[in-house]
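Quick heads-up: structures coming right below.
Consider the two complexes below, in which chain A is the common component and chain B and chain C are the respective partners.
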Partner chain A sequence: MSLVNFTTREITCKIVYYGPGRSGKTSNLQYVYGRVPESRRGRMVSLATQTDRTLFFDFLPIDLGVISGFATRFQLYTVPGQVYYNATRQLVLQGADGVVFVADSQARRFEENLESLQNLQVNLLQQGIDVRQFPVVLQYNKQDLPRDLILTQTELDDALNFRALRSFTADALHGAGVFETLKGISEIVLKRLAAGGNLK
Partner chain B sequence: MRSVEPWVVAPLEGFLGESSARLVLIMTSAGQVIAQHGFTRALDVMSAAALGAGIMASAQELARVITWPAFTTVVHQGTRQGHFLARFETPRGVMIGLVVFGSETSLGLVQLFFNQLVLDLKHAAPAEKQPPQVLPADFEKELNASLRTLFGR
Partner chain C sequence: MTADLNPRFRFDTFVVGSANRLAVSAAKSVAESPGVAYNPLFIYSGPGLGKTHLLMAVAHAARTINPGLVIEYLTLDDLVEAFHAAVAAGQGEAYRRRFSDIDVLLIDDVQFLDKQRELQAELLRIINTMQTASRQIVLASDRSPSEIGSLDERLNQRFAGGLIIDIAAPDYETRVAIVRRHAEERKSEFSSGVLETVASLANTNVRELIGALNRLIAFQAVSDQPLDEKQARVVLGGIAAAANLPAASDDEFSSFLSEISSTVAQQVEAWRTRVAVAVLRWEGDGYRISRLNALLEQDTPPDPDLVLKQYAADVERLQALEAEATDIDASLGGNPVFRDPDLVAEAEALVARAREGATPPPGPSPFWQLADFAEGPGNRMAVRAALMAVEQPALKYNPLVIVGPSGTGKTHLLHAIGNGLARREAAVVACLSTQEFVDDLIAAIDRDRVSWWRTRYRRVTAFLLDDIQLLHSKERTQEEFFWLFNQLVEDQRQMVFTSLVPLNELEGVEPRVVSRLEGGLVVHLPPPEREVRLAVLERLLREHDESVDPELAEYLAGRNVDSIRTLQGVLQRIINAAEVRDEPVSAGLARELLEGVAPRQPRRSSGGRRLSGVVSLPAASVRSREKMIWEWPDSTDRIVEDLR
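Right after this comes the complex of A and B.
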């Protein structure tokens, strides 16, 4: 849930990057961390295994600046993508204001994308959240890979995006689409806030 | 001290005066900061809150897995300072307190006054109210400008 301090005029929102293992969730945060000036971000916290797979979560707080008179901060989290870490995903999803679903565009990873998307819906529902009313955007990552290995945005939209959510193509490792995705989810989350919902 | 919720201020000031804690953080179970004392950078406070909430969430889940009653307190006693992390209920939902303390006080005192803080917060917490309008509908232009600046575009 967003936190709004009317005295100091500050807004804090929680965004969770969700998706199957190795789809590029941590890469999104690492790119943001590398591009945003130090004065506008905190330390990136990564609770990872020795082989750099996310074990609990990655966390990056960023300062968006002043929007409509409110100092606006976003807390970016990732979840571990592997199927067996579901309890951890549920914990990290608690209190989220929006989700970026990072799908792997490789054709051979299609089933894992679908499974993870279904898992997101189940986990939100367990928290009493109807995914149809909740801010979610889709990011089709790894679009830089050879054409014969990946599905196009249209193909992925047809297969995964049955609610006509905003979707973005990306190459998170090199940064393409990362900014656009963050901008997309920020707009939806703040619009919801502007409409008066989801405030603590 | 900084606080998002005004009703937290008086109980927290009382706790700080009695316990001699160095750092205190009150957060939601999702890791959102409600109030803090002693941290110098707002963004570091957020990291501490995310980790504190993560520790409590995993401790609770561990208790569930091994079918023990929920762990509500986690303590780490170091040589020069220690930390005390505890989960508690208020009329405004579940909250977590993180207290970092040094040799000028003791774990026993921190725990004693923390229990009082929890009682004071329960009494001070107002009922949930309808939030007022926050942002005007045309905030997108400022958001876009902020993000462009942030990414150097």
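Right after this comes the complex of A and C.
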């Protein structure tokens, strides 16, 4: 996917929210959806089961209008977290410009976070993408849960963030940290414009 | 009703940044050419981001460019008040009429239309009135049309039909530029870092920024020492604390947008932004932008600003050329060459040609060819002279004047000569009726372009005029004709004229013109002889897909008619009758029709029958059978009848 198309004067950012099942990826998108003026957002497509677990993926297009002469659009996707939907995850990852890894801060979900993170690396690698060169930020979600149930940012950084990526704490259900995370990943993605890696 | 314009609110005092560049660009276009570019222009943004400033800047700029424009700025409140007052005074119609005199109408605070059905209807009417008259409307609102409650769908469509554009919150750099400019205007100097502190207040709009700056100016005025960055933070503490509170959730998106805009602006090279904005502007105005697109596709163009400047200069040149071209010849307006800045040379050439009168006068009709002209003993001399004029223009007979009564083929021969001459290399053949020639001159006089008109005709390689007797009493045309004639003789251009009457019988034509016409060769076209009639009939029958019945051709050719036109009419009548009767075109049918033998009762076929237009009712319902007309003779029939 072209991030910047100078001929049509468009910037399109595809950002994928990745992470284990029930970590809060869809909640992130729902919160963003609720804050974007109606005129700026497309229909949020969500294919979920009755128990609210994403079967396929969520898709939220956002039109940021013309910025510096470029029609700028963001496309936010989530992947299904459940292990057995790996084919869908690979499909959604195709052409992504950046990934938000949404980790569940609960101590008991630690292993699932790790597995999902490894799965992300494998899937990126399969598309010939070196995760060390690719824009990824971490979001430690559910930080609103009681202290004794969750790990702190430092603990999670120690456990998951061995590449020293930018990390954010969040309570996606109520919105805390959602836009900060989105800003964080967007900034990294857009700064690659200058690097020329994704030009055209 | 116009509110006073703030003299400070001009384009040159508006700080342009990535968040508002497009809105400013659109507003400038509107001020430069009201009613042309974006109509209506709808600007929306959060409070304090410069909507009112932009509206008033449009007013100032438009007035500077054209002081004669009637410009009104008013808020929706003013509009409501005036509307209610007018309705109360029973002057609703007068109130509406006044808008037809306004050239540029600027309406602020349109968001108050929210749920006001009556007012929305009124605004719709105003917009319709203004748009119909190509007058400009600019509206400003603190929210987009789709967020204005219960907005009439028709209004929504009107807004969408123009340009809806938003102003985002300014990025940090723009905020610094804004506070710097205001500090300069207030002639206040601050230590380094102080103004940046003001600009770093998050989530503030421009009005609040200026408020914070005013606070610092007031503090500095009463202090002995200039404020430093730290003191500034203390002074602004209250504001900063308020601004740093978690943003109201609704503003999260605005803040996100502002930051993204800032990041994009930093990442997209500044020249790309300038080019992209120029592309949007010129594309919107209908110009081809391939040169700018090519520029955008380059990685590091040597001097993009020079390209932009040259492009803008080319557009300006095209506009001037188009204006000049339209003035010379209205049909040149809208020519695609004036919309492509890469074709300035072509546009120059087009205008130069128009200037020199190179747009050729009307030429001969391709319908009439010499090969189709039936030759007979009587017209042989004329046909030979015509051939000679085509083969050796201006060398043998110049002018060639063809005289003959109506319907003998003068126009045919004239256009046939014209077509023959037009086949020569670089030929410009003027072939038109004298009436067209007179009308063309009148139009040129009317538009004060007589010299252009003269040039246009003096450039022709052949000049052919039909029905020269129509010069009768056209003194000015005769005068121009006389000079044109002399010029064309001198330049050895072939001239051919036709006349209904012999030259010595021309009335109302100056002797000097007549004597010049007589100076070449005058040939006569007599009424068609049998041989000519036969040839014409055979050709016409072939054209009608009819097999040529020798008996019919002989019979008709044997009838004495004085013009080919009459002959055509007779044949047409026979063909029509044959169609109606569903019979072949035959000599028998022709005799029956032309010699008064009572026609057989026509079979009443359902199709192809031409009735009189009188409704044919069943016989039983018609009281007087004598009054029922089955078929009116057409005009040709009546002529033949008269001849008999």
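Operating definition for what follows: the second predicted complex is superposed on the first by the 190 of 200 C-alpha atoms of A that agree within 3 Å, B and C clash if a C-alpha of one lies under 4 Å from a C-alpha of the other, contacts with A are read in each partner's own complex, and residues count from 1 in each chain.
In this section, a residue touches a chain if its C-beta (ideal position, glycine included) is under 8 Å from a C-beta of that chain, and two chains touch if they have at least 3 such contacts.
Not measured: the values here are computed from a predicted model.
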Next item on the list: Could you check whether chain B and chain C clash or fit when both are placed on chain A?
Entry: clash
Check: Which partner does A:Ser186 reach: the first (chain B), the second (chain C), both, or neither?
Finding: both
Margin query: For A:Gly65 in the superposed arrangement: first (chain B), second (chain C), both or neither?
Written below: both
Next item on the list: Please indicate which partner A:Pro146 is in contact with in the superposed arrangement: first for chain B, second for chain C, both, or neither.
Entry: neither
Note to self: Tell me the contact category for A:Ile11 with respect to chain B and chain C: first, second, both or neither.
What the structure shows: both
Check: In the superposed arrangement, does A:Gly128 touch chain B (first), chain C (second), both or neither?
Finding: neither
Next item on the list: Name the contact category of A:Arg35: first (chain B only), second (chain C only), both, or neither.
Entry: both
Notebook entry, point to check: Which chain, chain B or chain C, is in touch with more residues of chain A?
Noted result: B
Check: Of all the chain A residues, which ones make contact with chain B and with chain C?
Finding: 4, 6-7, 11, 35-37, 40, 64-68, 70, 72, 179, 182-183, 186-187, 190-191, 193-194
Next item on the list: Provide the residue numbers of chain A that touch chain C in the complex, in ascending order.
Entry: 4, 6-7, 9, 11, 35-40, 64-70, 72, 175, 179, 182-183, 186-187, 190-191, 193-194
Item checked: chain B - residues contacting chain A, complex -> 2, 4, 6, 28-34, 41-44, 46-47, 50-51, 54, 57-58, 61, 131-137, 139-140, 142-144, 146-147, 149-153
Notebook entry, point to check: Once bound in the complex, which stretches of chain A touch chain B?
Noted result: 1, 3-8, 10-12, 14, 35-37, 40-43, 45, 47, 56-57, 59, 61-68, 70, 72-73, 75, 77, 87-88, 91-92, 94-96, 179, 182-183, 186-187, 190-191, 193-194, 196, 199-200
Checklist line | chain A contact footprint on chain C (complex, rising order) | finding: 18, 21-22, 144, 146-147, 166, 168, 249-250, 252-253, 255-257, 259-261, 263-265, 267-268, 272-277, 279-280, 293, 296-297
